[in-house]
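For reference, the structures are reproduced in the following blocks.
Both complexes below contain chain A, partnered by chain B and then by chain C.
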Partner chain A sequence: MSEATDGAIHPAAALDEVVHQRARLGVLSILAEADDADFTYLRRTLGLTDGNLGRHLEVLVDAGYVNLRKGYDGRRNRTWASITPRGRQALLAELTVLRALVAQVDAGDGTTER
Partner chain B sequence: MTYVTLRSRVTAMSTDGTVLELAEHARERTRAARHARSLPLVFVACGLLVLAWLRAAVSMAFLVEIFVPLAVFLVLYLFMVARRLVTGLGTGTDGYGVVLVISALTAMVFPIARLVGALFFLGGGLVILGWRGQDRMLWIPGAVLAAASPLVTFFVLDNHLRFLGPQPSVVVLVAGAVILIGLGVRAFIAERALTAPSPMTDDE
Partner chain C sequence: MSEATDGAIHPAAALDEVVHQRARLGVLSILAEADDADFTYLRRTLGLTDGNLGRHLEVLVDAGYVNLRKGYDGRRNRTWASITPRGRQALLAELTVLRALVAQVDAGDGTTER
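So, the complex of A and B:
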């Protein structure tokens, strides 16, 4: 946990490690807009392998951010992922923290590299 | 370029950033993949053409034209559901079902529907979709249609725009449809460009 010079907790401390990972952030962003998506769409859009996406979805399901549902469309089995209210809330919180971080850096108040 | 680090890892970047931009771009990309802007515009444009045809060719058109918004939003809803099954991408929270239910309810209350006109409900549907989807390219044309509805419904245009021909309201409806189709095609092209492949990399 990092602290700013005035003793206040740095916004980065509020980042959720589950959401912050790049692929998981991508999954949540897609699901927040589409409400649900099938495994194949997520894998193709995010450029991940089956195993990789499966692992990330597992993390999100364990955190209660995503629900998985098995379905059958007449030709093949499909796995649908949908975002939970908690997942939507976590994504919004993540974006808020990131914006706060950027704002702090732009104001010359954070840890920066140029 | 300015970026923030936490435990030696880049956490957020500004202006041309990565993580924050990734999340916002993913939202835009997903919306584009759903064609959430172009399809409603084109479907409502088709509704305007049907209204124009009813006015031009059918006597007592007002008896059936109130069912046009219901038909438009029913077909749009079914189309979006079918797309979900084909593409594997959900219909989002834009509220296609909400608009469909409102259209059905208003069609049942004939006096109110007759009072504000079918065009009002076509425009109102776009306003709801645009408002819920935070898309001004939907709610602005929708608001314009809704505002123009009384002018068409109560033959104000027919009385004051005689230079447009024997049925000015039909000309205005067709012109509105052409504009909406133009907006829809432009949106469709932009959506296709935005959904061109650019896989995100996995960094874990």
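So, the complex of A and C:
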């Protein structure tokens, strides 16, 4: 079993799927820029359905990367999400790997020029 | 249903999961730099199991992003993978979105300094 991970050297091997997954990366990126964001804003900005966003927020909460706060806006229930220090750290780690990956491909066979 | 995608403006909304998924992004990045790579090299470099790499290669082949070539190296069966022009285009699109996403977070609330 351990053989499968021996000698893993590509930046992609260091990516954490909890953070890397498209919708979750979007949520963390948005929350890193804002104090908090409400469910409807996240859903619209990321082009997700209610159920899809709900599931991804659950994964982020379970990982300790996001906090949820429920309340009322007039008569409507609303949910606000915010990033935790641990979530911010995980996003930073992701961005560091993404930069390395982009740089590695750019330094390759001229992919950017084709 | 269309409401869910109205007004999607975040770069993450433009990411294609076929290319964005960690292992597949790794495969395409490696193949963009090399003429071809064999199954064992990909598996080791990306820290994947046989089954895992096999499934991700299947997704990439089905999308028309990767070609597989089977042959022999002495007495051993080997499989070489190469990126198609369409796969290269998809990788370029992914890298463009990743750059935009990294730049947007960097331009935000000072995430990189915390």
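Throughout what follows, the second predicted complex is superposed on the first by the 100 of 114 C-alpha atoms of A that agree within 3 Å, B and C clash if a C-alpha of one lies under 4 Å from a C-alpha of the other, contacts with A are read in each partner's own complex, and residues count from 1 in each chain.
Assume a contact is a pair of C-beta atoms (placed from the backbone, for glycine too) under 8 Å apart; a residue touches a chain by one contact, two chains touch by 3 or more.
These numbers come from a predicted model, not from an experiment.
Asker: Now for A:40: first (chain B), second (chain C), both, or neither, which partner does it touch?
Answerer: Only chain B is touched by A:40; chain C is not.
Asker: Touch check for A:67: first (chain B), second (chain C), both, or neither?
Answerer: A:67: touches no partner chain.
Asker: After superposition on the shared chain, which partner residues are touched by A:17: those of chain B (first), chain C (second), both, or neither?
Answerer: The answer is second: A:17 touches chain C but not chain B.
Asker: So, does A:92 touch the first partner chain B, the second partner chain C, both, or neither?
Answerer: Only chain C; A:92 stays clear of chain B.
Asker: Check whether A:82 is in contact with chain B, with chain C, with both or with neither, and answer first, second, both or neither.
Answerer: After superposing on A, A:82 lies in contact with chain B but is clear of chain C.
Asker: Answer with first, second, both or neither: which of chain B and chain C does A:30 touch in the superposed model?
Answerer: both
Asker: Figure out whether A:101 sits in contact with chain B (first) or chain C (second), or with both, or with neither.
Answerer: A:101: touches chain B and chain C.
Asker: Once the two structures are superposed, pull the chain A residues common to the chain B and chain C interfaces.
Answerer: Common interface on chain A, chain B vs chain C: 12, 15, 20-23, 25-26, 29-30, 32-34, 45-48, 91, 95, 98-99, 101-102, 104-106, 111-112, 114.
Asker: Where on chain A is chain B touching in the complex?
Answerer: Touch residues, chain A against chain B: 2, 12, 15, 20-23, 25-26, 28-41, 45-48, 52, 56, 73, 78, 82, 91, 94-95, 98-99, 101-102, 104-106, 110-114.
Asker: Okay, in this complex, where on chain C does chain A touch?
Answerer: Its residues touching chain A are 1, 4-13, 15, 17, 20-23, 25-26, 29-30, 32-34, 43-50, 88, 91-92, 95, 98-99, 101-102, 104-106, 108-109, 111-112, 114.
Asker: In their shared complex, at which residues does chain B touch chain A?
Answerer: Residues in contact with chain A: 1-6, 11-14, 17, 19-20, 22-24, 26-27, 29-31, 33-34, 85, 87-93, 199-204.
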